[in-house]
Amino acid sequence: MDPGSLVYIGSDRYQAPGILVYHYDETGCVKEQLDLSFNWNHFQLKKEKAWITIDGIHDPQLIGAVGHCFRIDQLTLEDIMNTHSRPKLEVNDHYYFACLKALDIQPDFPLALEQFSLVVLDKVVIAFQEQNGDSFHVLRQKLDTGVGKVRQSNSFYLAYLMLDTLVDDYLVATENLAKRIELIESMLTKQIQQHQLKALLKIRRELFDFKLATDPTKEITGLLSKDKETGIRKYFIDLHDHMLFVGDQIQFQREIVSNSLDLYHAMSSDKTNQVMRLLTIITTIFVPLTFIVGVYGMNFENMPELKWTNGYYLTWAVMAIITLLQLRWFRKNRWI
Amino acid sequence: MDPGSLVYIGSDRYQAPGILVYHYDETGCVKEQLDLSFNWNHFQLKKEKAWITIDGIHDPQLIGAVGHCFRIDQLTLEDIMNTHSRPKLEVNDHYYFACLKALDIQPDFPLALEQFSLVVLDKVVIAFQEQNGDSFHVLRQKLDTGVGKVRQSNSFYLAYLMLDTLVDDYLVATENLAKRIELIESMLTKQIQQHQLKALLKIRRELFDFKLATDPTKEITGLLSKDKETGIRKYFIDLHDHMLFVGDQIQFQREIVSNSLDLYHAMSSDKTNQVMRLLTIITTIFVPLTFIVGVYGMNFENMPELKWTNGYYLTWAVMAIITLLQLRWFRKNRWI
Amino acid sequence: MDPGSLVYIGSDRYQAPGILVYHYDETGCVKEQLDLSFNWNHFQLKKEKAWITIDGIHDPQLIGAVGHCFRIDQLTLEDIMNTHSRPKLEVNDHYYFACLKALDIQPDFPLALEQFSLVVLDKVVIAFQEQNGDSFHVLRQKLDTGVGKVRQSNSFYLAYLMLDTLVDDYLVATENLAKRIELIESMLTKQIQQHQLKALLKIRRELFDFKLATDPTKEITGLLSKDKETGIRKYFIDLHDHMLFVGDQIQFQREIVSNSLDLYHAMSSDKTNQVMRLLTIITTIFVPLTFIVGVYGMNFENMPELKWTNGYYLTWAVMAIITLLQLRWFRKNRWI
Amino acid sequence: MDPGSLVYIGSDRYQAPGILVYHYDETGCVKEQLDLSFNWNHFQLKKEKAWITIDGIHDPQLIGAVGHCFRIDQLTLEDIMNTHSRPKLEVNDHYYFACLKALDIQPDFPLALEQFSLVVLDKVVIAFQEQNGDSFHVLRQKLDTGVGKVRQSNSFYLAYLMLDTLVDDYLVATENLAKRIELIESMLTKQIQQHQLKALLKIRRELFDFKLATDPTKEITGLLSKDKETGIRKYFIDLHDHMLFVGDQIQFQREIVSNSLDLYHAMSSDKTNQVMRLLTIITTIFVPLTFIVGVYGMNFENMPELKWTNGYYLTWAVMAIITLLQLRWFRKNRWI
Amino acid sequence: MDPGSLVYIGSDRYQAPGILVYHYDETGCVKEQLDLSFNWNHFQLKKEKAWITIDGIHDPQLIGAVGHCFRIDQLTLEDIMNTHSRPKLEVNDHYYFACLKALDIQPDFPLALEQFSLVVLDKVVIAFQEQNGDSFHVLRQKLDTGVGKVRQSNSFYLAYLMLDTLVDDYLVATENLAKRIELIESMLTKQIQQHQLKALLKIRRELFDFKLATDPTKEITGLLSKDKETGIRKYFIDLHDHMLFVGDQIQFQREIVSNSLDLYHAMSSDKTNQVMRLLTIITTIFVPLTFIVGVYGMNFENMPELKWTNGYYLTWAVMAIITLLQLRWFRKNRWI
């Protein structure tokens, strides 16, 4: 395959991509829904600035047309269509390209990571999403109603708001993970069961996956927080702080999962210990007694004890004493 | 939510924030208690310098008014109101902003981390605390009585004294943790119990939490120890040394907890071993004996031994010999 | 052995090396198969550029002749012939030398790493492979058919295409490993067996081996992605991204293997636990009963119970009650 | 507490500090013992250079007076009096300040770390020790007798000799630790006992403590080895090499301790295994036999075997055969 | 002890040191054996260049005389005589000093590390070895016979050849270690035994020791590979590559040892499991049967079953059925 050839890499998608354009400036905002047959050579800004969202990155023609319209590099387009791309930031001649992992937040469910790419041009921001989603409805409202500074600010501010939304989703995800871990932990202290272990190992894996997605994202926000070109550096510094917090949280959850696993193993060996102890107590008490009654079950012709009037009762007495002594010993050693 | 919008993030608080202002200079110190209805536009210094403490960061109006009065950036105010902020230092145009974790020290109790923010302006230091607390009563006395150099020195010196108090609290906290660990350890050597394990894992978690809070704090003090603007660099170098010591201590406690966990596991498996050994001794002694008495409990018509006059006594003798040999073997192998 | 002496280090090879030359430029491509007796002093380009592939690096004469023809340093030639060479990049006066590990991809099989060296001169690219292989058939097609930009581009572009092929193989290898791990994992959840453990440990070892091969490769692509001399830096940046992704994947597989090992150990100890529990249940139920029937097997002359009409049935009743109580206790403690 | 206030932090000391001054230059050396009442304002050098040792850092007045006499910063004095100070090097205007941990070497005993501070002025070196000790008797002899270059050299050379003595003590300490570990290890291979585990965990803790003390010391010697001001840089390079060796040794001992712990755990589980095996052998042999004799202890009226003349002997034969088969199976599986 | 005083530190040596000088240049090579009484003040080059090897570093007089003759620093001489010196490189005014660990290669034997020091002057190379050894016989042959470039090249080339020999020994050592590990591993898969564990732990320790010796060596070759003064930088780059490979190999062996240890532990716990299972099977089968025969061994007067004609056979039938059901259950659960 030639480098820069547009091939979609990811799970199969059959839904047609959706294209939504917000033309906006200080004076207002115009919303436009484009269909796949739209000729991108005729694309024109109806206001000063525009925000284009494309939901669905599996159509090479569409991506190619958009890329051609805004003079985006072939290699960038290749990255956009590859859902396995690693999060990264590229500063090209006339645009910034960021590719990240968006999260599909659902409590109690495993993390679902989705490719999210952002091309920030001078007047236009293009967002590519793997699936239809509605992560940015608040942002859309702001553009519609003119609340906040988004209409007045530059492209980077819009991009910042989108990234901020993603990072907030990361925070929500860590909180959901924390809740799941806590639930397992509280069940663990009652009674351990193998499915808890499996759940913990699964969460550990998700956390690692999450860490792999967020570690390069941290680098991206770090780069942006140092970039003076954007004009809104202080917002990116703030964003970077949030990412660092996400990183800390993931590290913390990993520590807690490892704590829970330790607890699981300790409780499991404790359980074995209890089983062993019961076995030992029963055996230690009854095996000697069984020996004693075995003795008087022997058929020797000359066994004087058998003829004693109280032999039977004496035997019971001896066995009772032995048992009591053993019980006392067990109690002294806190076995029972 | 727009960046810079003032929203309190943290556990619910219902108490009204308290506002206390110390106006001071070399000549003296005037104390002023403000209430929530105070109009910050009319705020005026009664002496050359002032120290404002605000206990309670959940009132957006108050924070907004104070921020407006001292021209503090919106993003800074947002951080002040967010109890999940990561410790950090920001050097802005006309002020330094530091946000840290204060500790609520209580022996034998888990660490309680609380948001603590500090805005250091030219003449004014503003401290924001999550809760009413009295960490700085010694500092207040110094201002009241004029002891020490605080009245003569600049804002940074006051800030330094506050940070020093926080860092001293960290040291006390590590010592309390050390005591808790030691207590568990000394109990461990007597008899292991599952709650000890749980306590150790809990402390390990707290230590990790503590580490997450102090690691960025170490960065902050490191930055301050290199900053020549403050005019009191040597104090910040000293503070940084203390932070490094705190870091070392946390690392050391973590090592000790991990040592104790190893000991717990070893002792637990040792216990299982002892239980197993008792079981084995009892079984090994009595099972062969029971077999022997079983033999002479058989009802064959032709069993010559049964008719021997001393058959019964011989059987006892044989069993005694077998038992003695076994006991000797056990003693030789140090089982008993 | 003198430095720079040409000695083949690697597993024995008896096949004669194959030499294939592609002479190409924008106008077309000429293919030429050379044999071992070819006099390299008479080598001439039939087109503007050439791509020489040599399959088999165990013939010192051949390597020496090629090296002499293109003025390649003796130390470089030594590295080419040493299959234990570590992946590295050397920028010499008039050529770049890269030495890497190629993969022989076979699903379900262990990774086979093979030495692959590349000498990039101004007009000529020479590739040395340990074995006959056909990793580059797509690339050959492109040269043959003129598809893509390879005929128009410089030597580095050709080299880039080859490296890209190798890195793609790495990706395929990680996916194969992932599948093997997944297979073991799914079997593990049904029933654990020792050969699964062995397989996991084997994969862990392969992953480590793979990591050792790819870590320096990452450095190589990193260097190339910063090198402006090549003229096609953006392609190498892309390549480097892929290598970083390979690195992440290897790390992720290692985490998963370690997860699976933890699961194996936990399930193994769980199994022991179950065995112990069965033993304990059987013992706890039958040992007391055996004692009771032992009592009434004694031969004392004076045992009143033996003469009771319902003594036998009462004994059964007592034993049934004891058993029921035990079963209830076991059920309450979720043992059965 | 105000920064720079002189408060002793450490374990209680009641002995009066001892003050010893060596006035020396190329011409000779004068020894002077000062008492606590000495007025430091009248302190005068009797020779060109002086070495002052103060044993005991718990007297604020003394430290304050000395500090005032040599214009040592208050914060430096605070550090001198704080036995919890972290090893560090400070280069002030007119003096170097180093604070380290000295060792009280006693074979077979835990490491005792002691605060040791050094102030190096132009003509005077002041050493502060926590306790009376005699680490430097060789150095004193050199000054007394004029052996070596110490009388001719500058203050830094004297300081270097002291640091060298400390670092040599570190080496001795690692060797003592090595011997203690070796002793435990040799006992371990004979028979494991819980106190060995406790001893190993204790050593591991000491090693970690030692590491925390030496890691910053390594930084100090590293700084000195790069400092050209001292005029004797090559000696400090040598010293730094020794510190690196100490660091390596500590790392090595840690590895060995961890090795020994692994051995302990493996031998412990091996022991359990042996116990289990004995239990299983005894049970497997005697339980079936007991069953057989139980069969012929039944009281059925119609049991033909009981009436056979050789029934009893046949039973013995059968049991002997079963036992032999089992023994053979055990031997084949290397259980006995 | 004064710095720079010549004291031998190492294991006791009684053999007299051997001194061998090769005077050589392009024209030829003269071999000279010196004895201890040689007066080094009269040392003269018989050819342009010389290679001096001194086997035995325990004679302070010899080392001192040689040091004086070639103006080697006292501290350097001290390092040469200290077998505990850490590998390092020092660039002095008129000589390079390298101190490394040479290996005494013996298959199947633990690694024996030996001090090896090299002083490279303009025309003379001096090599100090702890013991008589013959690592450099190939090099000697080259000088004798004039094969290779050694006679023509400068001192650094000779030093390079020596270092290359050492590094080749490292490679051989890692291969020997690999073979030893492989042997243990192959035995492990047949049957585990405690001595295998001990051997693995021993190798792990050796590997760590080896790592401690080679890590600083890697730094040395790294420095040399960047040093343009030597004139033969490309050879040192090659040497550095070999050292990196040695480092990779050691890391890899460590991983494999840790793999083998994991396997050992897993197989050991598997063995316990098997023992437990046998115990449980035997107990579960025979304990209920023993109970049944115990029942009919009771002496109640009124036990109807005892009088049934087929009571005995029915009992056998019931016991057979129970046993068969159990065997089936065991087979279903894959216990047998």
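The letters A, B, C, D and E name the chains in turn, as written, and every chain counts its residues from 1.
Going forward, contacts are C-beta pairs under 8 Å (C-beta built on N, C-alpha and C of every residue); 3 or more make two chains touch, one makes a residue touch a chain.
The structure presented is a predicted model; accordingly, all values stated were derived computationally and were not measured.
**Q** If you take the chains that touch chain B and keep only those that also touch chain C, what is left?
**A** A
**Q** With a Cα-based fit, what is the angle in degrees between chain B and its identical partner chain D, given to the nearest 5?
**A** Superposing the C-alpha atoms of chain B on chain D needs a rotation of 70 degrees.
**Q** Distance between chain A and chain D based on Cα centroids, please, to the nearest Å.
**A** 43
**Q** If you average the Cα atoms of chain C and of chain E to get two centres, how far apart are those centres in Å?
**A** 26
**Q** Mark out which residues of chain B touch at least two other chains, giving numbers and ranges.
**A** 269, 272, 276, 279, 283, 287, 290, 294, 297-299, 303
**Q** Once you've mapped the touching chain pairs, tell me: line, ring, star, complete or other?
**A** ring
**Q** Please report the chains around the ring in sequence, anchored at chain A, with chain C in second place.
**A** Around the ring, beginning at chain A and stepping to chain C, we get A, C, E, D, B.
**Q** Looking at the complex, which residues from chain B come into contact with chain A?
**A** Within the complex, chain B touches chain A at residues 1-3, 73, 75, 78-79, 84-86, 88, 90, 191, 194, 197-198, 201, 204-205, 208-209, 212, 216, 261, 264-265, 268-269, 271-272, 275-276, 278-279, 282-283, 286-287, 289-290, 293-294, 296-299, 303, 305-312, 315.
**Q** Which chain A residues qualify as touching chain B in the complex?
**A** Where chain A meets chain B, its residues are 138, 142, 147-149, 160-161, 164, 189, 234-235, 237-238, 241, 244-245, 248, 251-252, 255-256, 259, 262-263, 266-267, 269-270, 272-273, 276-277, 279-280, 283-284, 287-288, 290-291, 294-295, 297-303, 334.
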